[in-house]
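What follows is chain A paired twice: with chain B in the first complex and chain C in the second.
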Partner chain A sequence: MTAPRRPWWAFLRTRRVPTVVIGLAPAVILLTGMFLLPLIQLVTMSFADDYRNPTTVFTLENYVEIFTRAYHLESLVGSLAVSTTSMAAAAVVGYPVAYYLVHSTSKYKSLILLATISPLLTSIVVRGIGWLILLGENGVANQVMLTVGIIDEPVRLLYNFGAVIVGEVNILLPFMVLSIMTSLGQIPRSLTDNAAVLGATASQRFLRITLPLSAPGLVSGAVLVFILAMGSYVTPKMLGGGMVKVVTMDIYSRMLVDFNWPLGAALAVITMLLTLSILLILSRVQARLIGNVRL
Partner chain B sequence: MQPVSIELRNVTKVFGGNVKAVDDVSLTLEPGHLVTLLGPSGSGKTTILRAIAGFEEITSGEILVAGNRIENVPTHRRQLGMVAQDYALFPHMTVHDNLRFGITTSRRARRETARISPVEMNNRIGSMLELVGLDGYGSRRPQQLSGGQKQRVALARALVTEPRVLLLDEPFAALDKHLREQLQLEVRRVQQQVGITTVFVTHDQGEALSMSDRIAVLRDGKVEHYGTPSEVYDHPLTSFVAGFVGRTNILHGEVAGVRNGLVEVGLEGAQIDVSSDQSGLSVGDRISVLVRPEQITIENAGVPAGSENRILGTILKSVYFGDRFDVTVQTSAGVVVANIMRRSATYHGLEPGESVWIAFHPSAIALAPGS
Partner chain C sequence: MSGRLHRKATSAALGAYTGVVAFFSALPLLVLIPVSLNSKAVVRLPEDGISFQWYVNVFTSTTFPQAFVTSGLIALVSTSASLAIGSVAAWVLTRNRFRGVAAVEAFLISPLLLARIIYGVAMLILLTQAGLIRTLPGLILAHIVIVVPYVVRIVGSTLIGIPGSLEEASEVLGANQARTFLRVTVPLLLPGLAAAAIFGFITSFDEFTMSVFLTGPRTMTLPVEIFKYAELVVNPSVAAASVMMILGTLLGALLLEKTVGLERVLKT
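Coming up: the complex of A and B.
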């Protein structure tokens, strides 16, 4: 009598393949195919010399071009400026909101939370149009200020750096607030209570206990906002009106207007490296602030 | 620092309009004493502690420390030390910095402006860590410490600021039994060495009895009994106190007669004498008789009557505990539990179904108003 034939998928049943491997397989396959391989191709492409044949000789030409042309540098600096400013503004605006949402016992708390995350419920374009209506020459903001008498003639609120920041913060604030809330919610009340017993005033308690211990949330919120702002395209385009140059527009034009894919790829690589370095700096800041703390 | 007194005068705290967490509590804590607020959860003991700490505003009444009212003094100016149940060590600071935090902030809160030199700072922190037995742990982080060590750091941090009052909020709750007993002795030693007036909140009666100068037994926001551990244990004022502090047998009866220092109590099917200097008792009053299990002896039903109170009963069960038996006896007056030490002569042959006398001395009984 012969042993029954093992089906081809029998290896899945053997104990030699840990479940974790099987469990992770779909994600690994997806990430490798859709993310890692294209990324490698992008980096390779950024060193190609001929944009009509983007897999030729190895060259640094594209990078030299980026760092010698004011246009590209301007767009990189523009992106960095928009992202860091949005990040800082979101932190300053978001922290009090998160603090309130964590500590308040008001019945309107959930309503305010809903209002905070509501920007995530509509499309970026629709929100952009909303800001155009609000901030336009004949927009609501100007009308109100004219009526109240703060100004004599309409001021230019749109198509500048400030308008872009307002738009970005509006979209990205929920990420900041939710992430700070997570951290704040984990700080036991007994810590600040005990600090008070030890003689610490409200501001000392905030600066020396609450703020450092909420740094992980603040930092992860900042990282999220920075990354998302670096990659934003629609908002700077709609609210900046060409007056604010960002690297996403540059990449878009190089790749889809000039069809210079190697140059666009090099810009993308530099953007990625900039984002990574900010990420590293922020995690260093966090480590410096509180060390390796688990609450 | 000279030990200070604490006084609570008619302190009441109402939550949400109608829940009285603390109901007209008045207590005086002598300077240097460790006073335990003992009670089940919801008895108001934690609320009183939080009120003294300033975390909770009281609805009415006065709190005085060293004779001065403090209800309107913010927490950070009350000069307190506190050990919380979760120790509340600052996780982002080393042990040294945890102590230093208290020194700098408390000095500022007291408006002490004289510079404290780094050497003096280190000396103060070092000697405090030495006092709690944690020499050389200054550079550790709280996460690197065991539960018992965290507790010691919390105590050191509470005392290093030289507070006037020490608050202990169930500080032993998270520790295992062995460590708990060890630290109880140690906290008591340190407290007496420093001589600081201490408020200790716990629901553990054993802890309360072994550590306190005075115990306030609380129930539903009211003080049921305030006295020394032995007063509370031996002469509980109410049947609740008797039942909560240690185990006790409660027998219900009626006053049958009162004559110089002795009260005759009629129980169901028995009459007993109780030594009592309690006045205001008259014949016919409903009364509770409280007898500790260890005050009861068991005698063979054949033994002739002695001078003690005796009630006839039948053994229901007998449980072995190593050093003693817990014998449950059904009597006409109710079910009574007796602790019979193994050394005692009577422990032999305590079999269920056996007919026995339970006996207790008139002075070993406390009386409480009957229900």
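Coming up: the complex of A and C.
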């Protein structure tokens, strides 16, 4: 009595199929060969013992080394420290900026928006050089402060944790601001207006209405900033000058300096998993926030 | 009355604060301009007049012009290829309902979620085995993978705004799907395609973190060349090379702002 079962290839008979297949094939083939395949190779490499004589041996040696050597652990902790600090700093610095850009009617608004998002449109290398020139011992900041008379001799501004955070926040702020702006822009004006009519003070309106409703944007901005900071290499390298150790510098050295590819691959896999797990936690937080603010 | 005054003061403070943040956001770029014009070989604001000698240096150097051409070529080829591949895919994904649409779309966008450095390492391994490491084709392939997700997203979000009924009308009137796509969809899609093209070009042209693993002496891209140079010495020449890079990108950004609006592109 069962209906005739449709064979699995039945979808091929629908009229649209040729377009679907022909249209998607190039992109899917490209990403399978040039994205999925290299990632699989990366994971395979992380279990190898020597890339020059690839034996079929499956070894956990590289992972054991990462978790037992202080050097690698320090670089992982360094990356987490840089990423969480940049995330928090970008949220605090960026929120008022996003609020202003959504609500202001100033004629300078588009100029301010362009300046704020300008880091997105310039190479991180160029940004890094800008900061080197600004903060260097003989650089522009020292020159200006000496001329004005704030300081008597050049101060050391580069090559420390603070300099790396300044550089990271500078580059990643646009992601935070744009993401918060999206959330803030969706809050109906009537909500805060009504609250005002009902007697809520400005700070009550902000803390009880605006902030909770914009929280999803804040969290997705935070996710973006965290992911991008975890993967950043140029900024810690240029502005940290070896004083700030991060995992990306560790990966770079393993791959291109001492050619220990299996170890470099294992470091890359761990970084990927670490980033992914934090992404999952934060997106769970975001899902809860969105659930709470359903209007 | 005092409430209103208070509100005015708050919004003035907020405006001032935003102005300061915007100023510091742009400062590392702005500072490059006077420094690159310094008449002396120091990375400070010019004190004894200006000169264009550092720009001459950059133009006549053996490395920077070649790296500029390499970067431009890679960006041009990879953006064109990504546009062709990505916009057709986006069109199929927004105009057809079949099981797995969401999964395919997620797959095509997934390179955005992977840190560039990790992708660079993975491609270093693959391209070495394929014999394409440090070659132009290898770099171009990697750049296409990076640009395709942006094309799928930007073109996809533009397509959602174009009513499908126009394409249906074209098909009812007898045009086949390919003709409909080229004659109806593409013209309506032009702003989205332009945005994707410019954004893709900028992304490719500025890319460093992945490319540093894949470039060789004969295939240096401009960001990698500038980085290697700055590792040795930071001087007004490097500032001049940076300014030229910014000008190229700024031109793209202005085009983007004039054609579709920056905010819209960046938010997709």
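Following the convention adopted for this analysis, the second predicted complex is superposed on the first by the 246 of 295 C-alpha atoms of A that agree within 3 Å, B and C clash if a C-alpha of one lies under 4 Å from a C-alpha of the other, contacts with A are read in each partner's own complex, and residues count from 1 in each chain.
One rule holds in what follows: a residue touches a chain if its C-beta (ideal position, glycine included) is under 8 Å from a C-beta of that chain, and two chains touch if they have at least 3 such contacts.
As the structure is a prediction and not an experimental result, all values here were calculated from the model.
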Checklist entry - Can A:Leu273 be said to touch chain B (first), chain C (second), both, or neither? => result neither
Checklist entry - Is A:Val97 contacted by the first partner chain B, the second partner chain C, both or neither? => result second
Next on the checklist: For A:Val57, using the defined touch cut-off, is the partner it touches chain B, chain C, both, or neither? Pick first, second, both or neither.
Outcome noted: neither
Next on the checklist: I'd like to know which partner A:Trp131 touches here: chain B for first, chain C for second, both or neither.
Outcome noted: second
Checklist entry - Should A:Ala287 be classified as contacting the first partner (chain B), the second (chain C), both, or neither? => result neither
Item to check | chain B or chain C, by number of chain A residues touched | outcome: C
Item to check | chain B versus chain C as contact partner of A:Val28, first or second or both or neither | outcome: second
Item to check | Touching residues on chain A, where the partner in the complex is chain C | outcome: 11, 16, 19-20, 23-24, 26-28, 30-31, 34-35, 37-39, 41-42, 45, 51, 93, 96-97, 99-101, 104, 106, 108, 111-134, 136, 138-140, 143-144, 170, 173-174, 178, 181-182, 202, 227-228, 230-234, 238, 248, 251-252, 255-256, 261, 264-265, 268, 271-272, 275, 279
Item to check | Residues on chain A engaged by chain B in the complex (per definition of touch) | outcome: 188, 190-191, 193-201, 204, 208-209, 212-213, 289-291, 293-295
Checklist outcome for this item: Within their complex, chain C touches chain A through residues 6-7, 10-11, 14-15, 17-19, 21-29, 31-32, 35, 42-45, 84-86, 88-89, 91-93, 96, 98, 104, 107-108, 110-111, 113-119, 121-126, 129, 141-142, 144-145, 148, 152, 177, 202, 205-209, 212-213, 223-224, 226-227, 230, 234, 238-239, 242, 245-246, 249-250, 252-253, 257, 262-263, 266-267
Checklist entry - Which residues of chain B touch chain A in their complex? => result 53-55, 74-82, 84-86, 88, 90-92, 101-102, 105-110, 141, 143, 157-158, 161, 167
